[in-house]
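One structure, pasted below without further comment.
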Amino acid sequence: MSLFMQALVAGLLLGGVYALIAVGLNLIFGVVKIINFAHGEFVMMAMYATFWMWSAWNLSPYLSIFIITPLMFVFGMVLQRFILQPMQNSSPTMKIFVTLGLSILLQNLALVLFGGQFRSTQFPWGEKSVTVLGISATYGRITAFVVALVLVAALFYIMKKTLIGKVLRALAEDRETAGLIGIPVKKYYLVAMGLGTAMTAIAGVLIAPFHSVFPLAGAHFTLLAFVVVVLGGLGNMVGSLVGGLLLGAVETLVGTYIDPALQLVAVFVVFIIVLLARPQGIFGGSASNAEVGLK
Amino acid sequence: MDNTLLKVDNVSKRFGGVQAVGGVSLELEHGEIIGLIGANGAGKTSFFNLISGMHFPDSGTVEFDGDDITRLDTASRARCGIGRTFQVVRPFKGMTVAENVMVPLLVNDASVKTARKRAAELLEELSIGGLARKPAESLTLAQRKRVEVARALATGPKLLLLDEVLAGLNSREVIDVLPFVAKVRDRGVSILMIEHLVSAVMEVSDRILVLDHGVVISEGLPNEVVNDPKVIAAYLGKED
Amino acid sequence: ACATASAGGTTLKIGAFFPVSGPLALLGEESWRGVQIATDLRNAAGGVAGKKIELKFADVPDVNAATSESRRLASSPDVKLAIGSYSSALSLAASEVFARGGRSFVELGAVSEEITARGYENVYRFNPSAGDFTKMQMRFISEYLSEKLGKPVSELQVILAHEDSAYGQSVAENAKKDAATAGLVNFSTEPYNAKSTDLSSTVLRMKDKSPDIVMAVSYAADAILLGRQIRDNGLKLGAFIGTGGGHSLMSFHEALGDAADGIFDVDFTQIYVNEKFTPGIQDFTSKYKERYQGLPASGHALANFTGANLLFDLLEKSGGKDDPVEFRNAATSFKLDQGKTAAGWGFELNDKNQNERSDVYIMQWKGTKLETVWPPEAAVREPEIITPFGV
Amino acid sequence: MLDVRNISAFYGDAQALENVNLTLGKSGIVALLGPNAAGKSTTLRVISGIVPAASGTVHFQGEDITAASPQDRVGLGIVHVPEGRKLFGTLSVEDNLILGGYSKRKDRKTTARLDGIYDRFPKLRERRFQDAGLLSGGEQQMVAVGRGLMSEPKLLMIDEMSLGLAPIIVKQMFSLVQEIATGNMCVLLVEQHVQNALAVADHGFIIDGGVTRVSGPVQELLSSSLVRESYLGH
Amino acid sequence: MKKIHYLLSIGAVAIAALLPLVTADQFVLHICVMIFIYVGITVAWNILAFGGILSLGHAAFFGIGSYTVALLYVNLNINPWLGILAAMLTAGIGALCLAIPLLRLRGPFFTLSTLAFVEVLRLIAIYWVGLTNGSVGITTPPAEGWALLSFQERQPYYYIVLFMTLIAISISVWIYHSKMGYHLRAVASDEDAVRALGVRTPRLKLTALVISAALTGAFGAFTAMYFFVIEPETNFSATLYSIQPALNGIIGGMGTLLGPIVGALLMTPLGEWLRTTFSGATQGLNFVIYGIVLIVIVRVMPGGIVAGFTKLYRRFRPAERSAGSGDSKDGTAEEIVDDDHISTTAGRRS
């Protein structure tokens, strides 16, 4: 039982990390409508930034996050402005491959600049662990988990209640009409991409204390993040949280009780099974409005 | 032999909280044209979807040409002879108008050559022969509607479901098109048409069915129906 | 390293395959550095048999690239001999092309048994193989740890956690056999996926078995992750023995800090080793420092350096002739005792063209140094028993 | 107020407009008529800026806006209710309306404007929190017009206003248009119900083949035999 | 097909067939073999793309094909030629396994789950050591001769894969112009509408997927014999055999006939050339350049290379304008309501 609880807690904490990485992707995928294969590389960039600030200025990740997040916001906007925006009208598949090119580029740029070394941010506070009822967890992971919750709640609020959120949802649905009724579409795409990238940066910074930093550090997360977003439902932040937690729990429980070598298999199989039952994801709305007179 | 082509018995369909179709029955005979009118959201298109198999009814049955087709999928129904158009037109992008029409023709006829010829004829018949080589997405709404009709006709239907194909035509153009509808019927195709242009519906329909909130509120000969106070209240509005 | 490519008489062209991009970039690059240093030193000393050595380098991040690049180099009539390749899969691919094309391939770093087990007479391996790693581990456990931990071998609970790449899987296969031979009755393996981003389930399963010793085969990131999660979950161990790869890397110590102290590791020779046993290691170390501004990240550079030097010695003996027959004659007749090269290796090929006198040693982290501690002839100090990961 | 001079426009290589001229006053209803594929929708698109004019000019209140972006034009008071309504189906009715008022978002009068719309369309007040996609066609058209009105336009262009609407709603929409056009607003209507359109409009333009053929006050048009024959069918 | 197309195709085939007579350079021939392999799998991938279906799962079929031929050859001593046929069969069966649950999914949902499918197979190939020898992989025994599909020289491989590729292209051309092609292209635009016209789309998509997978499996099998080494990381590599063919196809022009061929013809040598030219310099530099090239191509020719050149060509042949040729594919509608137009026109004002 205590093994089960420990595995479950570990799984949920891991799920928090997945959710954290997925919320940014959810914005980019759900609003900007880009399957961003460079997502993991955004995480990787933030991890490197965290590492370098820590090694150069001994800056704690929990401080550098306030520098890195805005920087990555700008980075996301620049990307949107100069690479993605000019091809807003080309087919979605073409956009996929721009992001793929970007992913290859960023990964290898990191290799060119920093070499293949595996680096670690050593941050004692994040590594300290607490034990409650025989179940232990480190502060670093708990923080990531809590921030994931907060971010999801904040984004949920933003998307539902604020004007920005409404505009973003409108954009996600029909950007041409949004432009027609006077919404500065490009500006909001910049915002969405910036926001998505900034969220991703937060994820990168927060996992840096317990993950190694190397050129491929983010790549392993890309597919997982997609799985989480699709599983939870496009554009649905709560979905990403639930999806992340579900997959995290599946991963550790299957790993603990069946075989760790199969834990990722289990994650993908669960993903496929859930999609079969709910092709729009757990919280995805039904998309067939076409016959109702929309579009 | 029984002359009934389509027999819909008490079908219902609910979407979440909305009872889109609530127990509608209908018998349509060979060679008949029935007009279907009703307020927006009355459930007309949903009713079409139940007949054409885009959705399955929650209850009730659909019989076509003597067979129960309630559980048959769309494609099979189309093969049985139910052709439909979509209210929200759906031309195949990336294909020319002629190619659009070839798609259904190729279902039965494996030869691309004959399909191409037949498509040209059909388009000519709908007086859009000149558009045959244009990309389908470059047409205006009204043109797209005609392509939609051509495509439905190309399935070789016994029953044609027309969902607001006259919308977007001006009065003059409607007058041009109506005889075509009659001509199709004269070839032995039964027609069920949704239209908001009451004068047009009255002109070609043998009978009219009025839906409101998913139920039939009136049914009968065109003249009877338009004078029905319930129809006037729910649909036509008072003449001023 | 690119000397003027003139007539075959004055230069000796050798193909060199290493993955310096992609997921294997780090240790692939380290390996390649070792070869470059050996070549530079040898060329500075006049080359082999009067010829300059010219390396034809190819980056081979994946098997497709390895095949393509070996085709490319093998299509040049001057390249009759190639070296490589750090990774077993790459080695298998590249050596196939060379061997089937009637040329020679010398592996300097990959450990899978498969490489020399295919029966190609022109494929050689100068470095130790996976079996050498596990044999050394088992020896260390039965001859040393068993006594220090106060349990007979048959009672020791030993788990091998390993990643499931070719390296991990082939080490695990050998470990199972060698553990049985060594009388480790309570031996089990825990495979995990090389791309896992979380190893808590592996750690929890191990914790459930309360092992005395955990051995691990990991690449870089997972080695660190495993260490951290063992620490975070409070898994108490008598000893932890890494198997090359990630546990030899400086980054492993950097990530875990003091918690890494006391971790054992079996690997290719590292620079903190009995220098009497490893003549020439100082040259290597200083040359490496000079050229790359830092210490080697792992033992790979030294292993490849040593392997390349062995190769040059052979070529010296064959009079600079690199065609397959001459080279094989030279290789099979060449013998060198252990303790005569910079890695401490000797040289003698067995019937499968595997260098039987190369070996791995047990090292232990202390401070920022991975010091050789066992067997005694190579050791710089005695091993210490420290609870792993500061649990 | 709006002056469209000699515009031409293309879709790729295909010419949709050749020479369209249009002038609109400060208020009233103007009907833009013409057969299928005449270029009516395209004309509206050029005016709202989603299709660029290849030649010719568009002036609004004396200012040359030929090259202005659609957003800027909305800011100036030109609003286009596109054919097919194009609501944001997954957003609530109220959110759709709020977004319609985006260009005026800073004046803090959004709530007042919303109330204005709800007073005009009481049915929408009932449905304010429902997803717009689940409304019936007529209700959707109301939202579409309401969304356009939210930015308090000076020129409201409605394409195919009564397309697919039940006769009773068509009547409502026409009286609605008449109502809103009494204020300081000009409504440019593209409509296939020619009789109805001409019944409410003050002024009419007829384009065909991308060229303005006829224009003038409605009475004149109604008496023109060309108009009667080609558009009214009698 | 027009006459000129016939002549051009025959010319291209003739040049390809004669190339080995001109050069015996084994590396050049090897690169050609790689190009043909990629043309083949890209064309196979593209059959599904006719239907607008973007699969990133083809590495699964490639891997299944590779393992089938290798396992049959190594364990049961079954002739590799038969193995290729068996590979087509198993890849087809694999496609059925993928299709039955996944083909109902649409758009990115389908695409991403195919990617997950590849991951699952890769992980199973690693895990199931008893069958696949795990990550260590399988090596085919050395041999020589047509009987065993193993040669020292590249020429025989060259002709074999050229032949296979031509078959794949022919199948693809035939499908495009057949009933199936029309139906698939219609599905690409609107599946519901196609169903309403009487086309059994699940069966249609399934057939397309199975054909596409079987062809991919055949190339997987050939590649296994060609490379000798079969291991999960490579043969089930999404990067090499899912993303790369998709990339070739999309860069050339997804769903068109010529696009995938052109894409593969350009991208394969580009990658090889960059690696041989730059890899010695700095770790990863060749990929940095590759990434940039990729972004630039996609940016400059958003409709694909073929469409890009068609457009250029049209620009210089204004006489042919607006004659909307029978199979013109460019979405004029979208181009026009283009944000960028707005930005350029807006720019003029300021």
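Order as written gives the chain letters A, B, C, D and E; numbering starts at 1 within each chain.
As a working rule, a contact is a pair of C-beta atoms (placed from the backbone, for glycine too) under 8 Å apart; a residue touches a chain by one contact, two chains touch by 3 or more.
Chain labels with UniProt names: A, E = Branched-chain amino acid ABC transporter permease; B, D = ABC transporter ATP-binding protein.
Keep in mind the model is a prediction, meaning the values are calculated, not measured.
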item	value
Chain-contact steps, minimal, separating chain D from chain C	2
Of all other chains, the one whose Cα centre sits farthest from chain B	C
Busiest interface, counted in C-beta pairs	A-E
Centre-of-Cα separation between chain E and chain D, whole angstrom	48
Inter-chain centre distance, chain A versus chain D - centres from mean C-alpha coordinates, in Å	42
Separation of chain A from chain E, taking each centre as the mean of its C-alpha atoms, in whole Å	30
Chain A and chain C, separation of their C-alpha mean positions in angstrom	37
Chain B, residues touching no fewer than two other chains	54, 86-88, 90, 138
Multi-chain contact sites of chain D, meaning residues that touch two or more partners	11-12, 14, 50, 70, 84, 134, 137, 140, 164
Interface hub residues of chain E, defined as touching at least two other chains	123, 126-127, 192, 283-284, 287, 324, 332-333, 335, 337, 342-343
Chain D residues touching chain A - in the complex, by the definition given at the top	48, 50, 70-71, 73-75, 79-80, 82, 84-91, 95, 98-100, 102-103, 105, 133-134, 137, 140, 147-148, 151, 164
Sites on chain A touched by chain D in the complex	163, 166-167, 169-170, 173-174, 176-185, 285, 289, 292-295
Chain E residues touching chain A - in the complex, by the definition given at the top	54, 101-102, 104-106, 108-109, 111-113, 115-117, 119-120, 123-124, 126-127, 192, 243, 246-247, 250-251, 254, 282-285, 287-288, 290-295, 298-299, 302-304, 334-335, 337-340, 342-343
Of all residues in chain C, those that touch chain E in their complex	20-21, 25, 29, 57-59, 62-65, 67-69, 71-72, 74-75, 88-89, 92-93, 96-97, 99-101, 112, 114, 118, 120, 164-170, 191, 193
Chain D residues touching chain B - in the complex, by the definition given at the top	11-12, 14, 33, 35-37, 41, 83-84, 134-140, 160, 163-172, 192-195, 229-233
